[in-house]
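Which chain is which? They are A, B, C, D, E and F, in the order written, and residues in each are numbered from 1.
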Amino acid sequence: DFMSALDEVHPAFGVSEEELLQVIQNGIIHHDPVVDKILQAGKLLVEQVRTSTRTPLVSVLLYGPPGSGKTAMGASIAQASEFPFIKLISPDTMVGFSETQKVAAITRVFTDSYKSPLSVVVVDNIERLIDWTPMGARFSNGVLQTLLVLFSRRPPKGRRLLVIATSSLRSILTDLGFAENFDSELRIPPISSLRSLDLVLQEVGLFQSDQQRKQALSMLAQAGFGDTDEMNPTFQIGIKKLLSTIEMARQEPESVAERLTNSLLDLRGT
Amino acid sequence: DFMSALDEVHPAFGVSEEELLQVIQNGIIHHDPVVDKILQAGKLLVEQVRTSTRTPLVSVLLYGPPGSGKTAMGASIAQASEFPFIKLISPDTMVGFSETQKVAAITRVFTDSYKSPLSVVVVDNIERLIDWTPMGARFSNGVLQTLLVLFSRRPPKGRRLLVIATSSLRSILTDLGFAENFDSELRIPPISSLRSLDLVLQEVGLFQSDQQRKQALSMLAQAGFGDTDEMNPTFQIGIKKLLSTIEMARQEPESVAERLTNSLLDLRGT
Amino acid sequence: DFMSALDEVHPAFGVSEEELLQVIQNGIIHHDPVVDKILQAGKLLVEQVRTSTRTPLVSVLLYGPPGSGKTAMGASIAQASEFPFIKLISPDTMVGFSETQKVAAITRVFTDSYKSPLSVVVVDNIERLIDWTPMGARFSNGVLQTLLVLFSRRPPKGRRLLVIATSSLRSILTDLGFAENFDSELRIPPISSLRSLDLVLQEVGLFQSDQQRKQALSMLAQAGFGDTDEMNPTFQIGIKKLLSTIEMARQEPESVAERLTNSLLDLRGT
Amino acid sequence: DFMSALDEVHPAFGVSEEELLQVIQNGIIHHDPVVDKILQAGKLLVEQVRTSTRTPLVSVLLYGPPGSGKTAMGASIAQASEFPFIKLISPDTMVGFSETQKVAAITRVFTDSYKSPLSVVVVDNIERLIDWTPMGARFSNGVLQTLLVLFSRRPPKGRRLLVIATSSLRSILTDLGFAENFDSELRIPPISSLRSLDLVLQEVGLFQSDQQRKQALSMLAQAGFGDTDEMNPTFQIGIKKLLSTIEMARQEPESVAERLTNSLLDLRGT
Amino acid sequence: DFMSALDEVHPAFGVSEEELLQVIQNGIIHHDPVVDKILQAGKLLVEQVRTSTRTPLVSVLLYGPPGSGKTAMGASIAQASEFPFIKLISPDTMVGFSETQKVAAITRVFTDSYKSPLSVVVVDNIERLIDWTPMGARFSNGVLQTLLVLFSRRPPKGRRLLVIATSSLRSILTDLGFAENFDSELRIPPISSLRSLDLVLQEVGLFQSDQQRKQALSMLAQAGFGDTDEMNPTFQIGIKKLLSTIEMARQEPESVAERLTNSLLDLRGT
Amino acid sequence: DFMSALDEVHPAFGVSEEELLQVIQNGIIHHDPVVDKILQAGKLLVEQVRTSTRTPLVSVLLYGPPGSGKTAMGASIAQASEFPFIKLISPDTMVGFSETQKVAAITRVFTDSYKSPLSVVVVDNIERLIDWTPMGARFSNGVLQTLLVLFSRRPPKGRRLLVIATSSLRSILTDLGFAENFDSELRIPPISSLRSLDLVLQEVGLFQSDQQRKQALSMLAQAGFGDTDEMNPTFQIGIKKLLSTIEMARQEPESVAERLTNSLLDLRGT
């Protein structure tokens, strides 16, 4: 039965712990309440898969601007499930694959997942998996069709699967035919408030003193960072780019605040 | 003669019972009179194939929005025929197939069907079978042409065949050249009335008490769900998505009604 | 000489009787004077090939809306010729063929025909042979070019050939380069008069009594069927679809007239 | 030297007499002074190749509407040259060839021609050789580029070559890049005068008596055939189609004039 | 060192004298001062390659209308260099090559050139090398990219290379990405003055007497040939076509002047 | 640990010194303060990679007009890093490679780099690596996708990598999907001031005397060169083309100033 099947999962298809940790190398900084809300929503979906018999397949899309933390969040939700089968499908491991090889590799992970009573598959960066480029709207239709089918194909009897997909190009997914393909969609927002910025800066310890940090923040506030016009935020930056910008600023110890604020202000013009 | 031929059908090409049951895993809920009308229309077509000598080939298209229940209805009609040969052609079993392999697999099922005096072939999800994507209107012309011919090719003398095709994209089928290809077309509508919703909720037992269910329904009624402007219904949802939405709501026992209504109200904005 | 050559035709390349009969399974119903006119025009072309030395190659296009009876008429004309070589080139026998295989199969029939002093080749359903789809105007240029050459290539000295082609898409043939390719073109019209309809209904014996049939016809007349505005006929239906519609109506003996008229009236809206 | 080289031409690459005769099976009817003018212009080009050392390569395009007699005229000019190497490159002999095979076959003829001191190559029906179709402007660029180079490539020292190309689509040749590719261009016009028509009718002896013929001609004259508005001629018909139309009319001896005039008048509407 | 390296050039990769002479078979007629200016500019570039150490690679584009003499001029400049390695890359020797074969052949010549201390490579007729056709703007991107890289790739240390490219389609080269690819560009103009025409006619001795020639010229002058409106010259003709036109006129000795002037006047309308 | 790993780098994958020197054959002329600013910015990025543990991957784009010195600057920054692994990925070494071969070669360099604790990879001339042509916006999507992944793929634990990419077509990179792909972007400007020009001329010693040089500069100043309208500079020229123009002028010792100024003034019209 279901419970005994849980024990029989072949370890070869077990959790790829290392891969998951690699993509959350810099941890999850709880810079905003939305971070916890997303993790909680993920947990509910995990529970639905674990308990519901009517929906053996549940799929969720994590979307948001580049570098907003989609991959790290997806990996975190997957890891927290503690399901016996957790796998990450990532373009990073498919460089130079032919279309046929990609389709085979992707399909393989899903087929393997069917051997475990409970599985999570993270399908990271759909646009890259399908070789998407805006120029001429080119992409691999072979990989796209494979994903379209796999995201909707019910696992065999007695098996349950959570699919977590990530993408920066939600509107294009619709044009590609992904409409109504996901049971649920969660938005990973960029950082756009002074409060979030402050929390990140504290966490990474860029400044020697609180005073220095506050000075930098007040400079940014004056330049309009964090203004409350939420519809059209003056600044916004993905957590990934923010962390990189911080490290760059760190290289010039004597002018950290200046470099940081300049870099952030530059984003306005983009 | 015809009757003795009926007995000789080789079991290898018999009914694929399991596959059919898999796609109607959640049963058929009779939430609306149209459900029975469609099943009845299917039955008449089955009879026409069984009895008429002038039309050894009859084809019908089941169309309707995503998740409206096309596959489950097609499988139900096929199964009810009790013909000696019933097969489901589904994209689920063709992931990673090359165009040539798909064409061969599809053709094979039709060729096999000609060995039985009476056959039903369900061709599920035409758009996925032809690798359709709206982006750039790409598709496999090889599979398309194969379907166009097979849907019109008369079985050999003494053989009779019912073809049941399903699709969410009827208007695109016309653009692809499917005009006048089907003897009959049946629409599978989404759920858009409070009455239907109520029947489904009863069937799946989401609420502990009738009162709770009625409260939820009256909340939805107030929000406009089920308004009688039939041309432009405020809400509509496929049975498949409705069942998934219900299971998600079930995860939070203390706020079931709230989550369900929120999810349904969200659909308005889409 | 010519006459003795006639006797030497190798039977292997003889008439494919069965194939021809298969496509006129429901016979030719003489529902309108135009049916005989077309058959007569075909006979004259057959005679021209048999007797004229200046035109060893004659080609004719049978065109008309889907299901108007093109294939059945083409096969009838071919069969009536009683030429020693008669072959049907049909998409039905080429499902899953690669472009190269199609070209080879088509070319083969023409090459074989050159071995007989007198031949008819029916090239059925050009649009399907060239894998035509309106979406993106896709087609097999390889097959198209093969047809363009074969339709104009003179048979070797002492051989004579009649080519009968059929198509529902005459205007597209022009766009594809078929202009001036045929010596003659004949239109196969759909049924659009009450008189024709009456003749077909009599022939297939749908109604138990003459009275019932006349009642149904007068219902249709009232709805405008057969109105004499020839340019823009209110109703028109191919003989093939009409026969299928009749068989469907036959399934409900107690409401035959109602179902038939409803089905026909439905066509108006299309 | 040149004269002795002339004797050494290997017969294997000699004149393909039969092929040439096949395409002028119905002879050349001198229905208009332009016919002789074209033949004379061809003769001058032949002489230029035979005598001039500065232009070892001369190319000419014969163009005109479908069926105007381009192939027959090209073959006639080639045959009249009496050069030791005369070859016809025709799409008729390349049905089912791949692009590579076509390129090889065409190149081969030119390479062979370089072995003879004096050669004529007739490149018939360029549009068909390049697999041209107006739909989507598709064609074989491989064959096109081969022709573009071969039409301009000088034969090796001491060899001289006349290239005669034919096409119905002169304006498209320009779009394809054939501008300035030919040393000379000659137009083969369709028949558009009563006088020409009369001469053809006499030649083929369609009518039993002169009176019958003149009656038919006066019927056509009344209908406007041959009107002198040269810019926009009411009727015009290629000699090839005219001959075919005549043979068709011949099938109904009792109404020859009627059928002929009807067929010709029908062309007006096209 | 450099000077001793000069002696070691392997003869297998030496000058292809014959090929060069073949393309200037009719010599260079000095019909206009611009002819010498171009040859002089070429000489300077040759000297730059021979002497400058800072620019081991120099490239020049010879462009001008079809038949203006680009190939002959390029070959003349190359030959005059007397460099130990001179090669002509021409579409004439690549008929029927696949893209891969073309790329290999072209690359080979450049690689070979690197073995000589001083080399000239003439890349003739870029548009034909890349299989360019205006219809649909089709071309071989593989060959194009090869040329783009090779035209800019510095030869290895101690080797120097002059690249001479020719093209009739300079504006299209820009669209293809050749902007800024050449160190220098030289225009080869067509003939458009009476003076140039006169010089050519004298050189080729078309007329028996000076008087005849002058008469012909005055006829052309009257028709507007050579009018000084330089921006929009009434007549212009490439030297190549002019020489061909002259040879054609020579075929009719009794009406040379008439044919020549007619042919030239015909060009006006084009 | 990190420091001992530094010593173990396999020499086979060491620095390709020669390749780097080849592309800065003419040295770096410090004609403008921006030159040093760019080199300094490069140095900071090198330090970030060397010291920061949070950003094991740093990428920078050097962009600017053709010939502005991108490749030479990229190579200089790389060489100055003195990292144990420095490699140049250049289209020059991939002529004639198939897409698959290119992808393999590029991927190989990145994979090799992961074996060194500290690496720099210079990806030179992105547009050429992806076979970009503006005509029809054609490019190799395979190579593009490979770059998109490799530029973002984190090296394995304990390895750090600096990616320096160069391109003349920054705006097209965005259209191709490179937005947000680089941690940093640096512009390499062309020469547009008299002061820079003067410094280059001094460095390369084109003129015999200072006076001659100044005379030439004043001629250029009069013609508007170096005018301070920075938004729309009258003249601008890449250092690469400037050096080539100088060498050309050097060929005519008696008119150096004239040729140089003419060449530079010609650029205005482009």
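Keep this in mind: a contact is a pair of C-beta atoms (placed from the backbone, for glycine too) under 8 Å apart; a residue touches a chain by one contact, two chains touch by 3 or more.
None of the values given here were measured: they were computed from a predicted structure.
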Copies chain D, chain E: same or different interface, half of numbers shared as the threshold?
-> different
Rounded to the nearest 5 degrees, the rotation mapping the CA atoms of chain B onto those of chain C is 60
Once you find the CA centre of chain A and the CA centre of chain C, what distance in Å lies between them?
-> 59
Multi-partner residues in chain C (2 or more other chains touched) are none
Once you've mapped the touching chain pairs, tell me: line, ring, star, complete or other?
-> ring
Starting from chain D and stepping next to chain E, in what order do the chains sit around the ring?
-> D, E, F, A, B, C
Where on chain A is chain B touching in the complex?
-> 44-45, 47-48, 51-52, 54-55, 58, 100, 103-104, 107, 137, 139, 141-142, 144-146, 148-150, 153-154, 157, 172, 175-177, 179-180, 183-184
Which of the residues in chain F come into contact with chain E in the complex?
-> 22, 25-26, 66-67, 91-92, 94-96, 98, 127-128, 131-136, 138, 204, 238, 241, 243-244, 246-248, 250-252
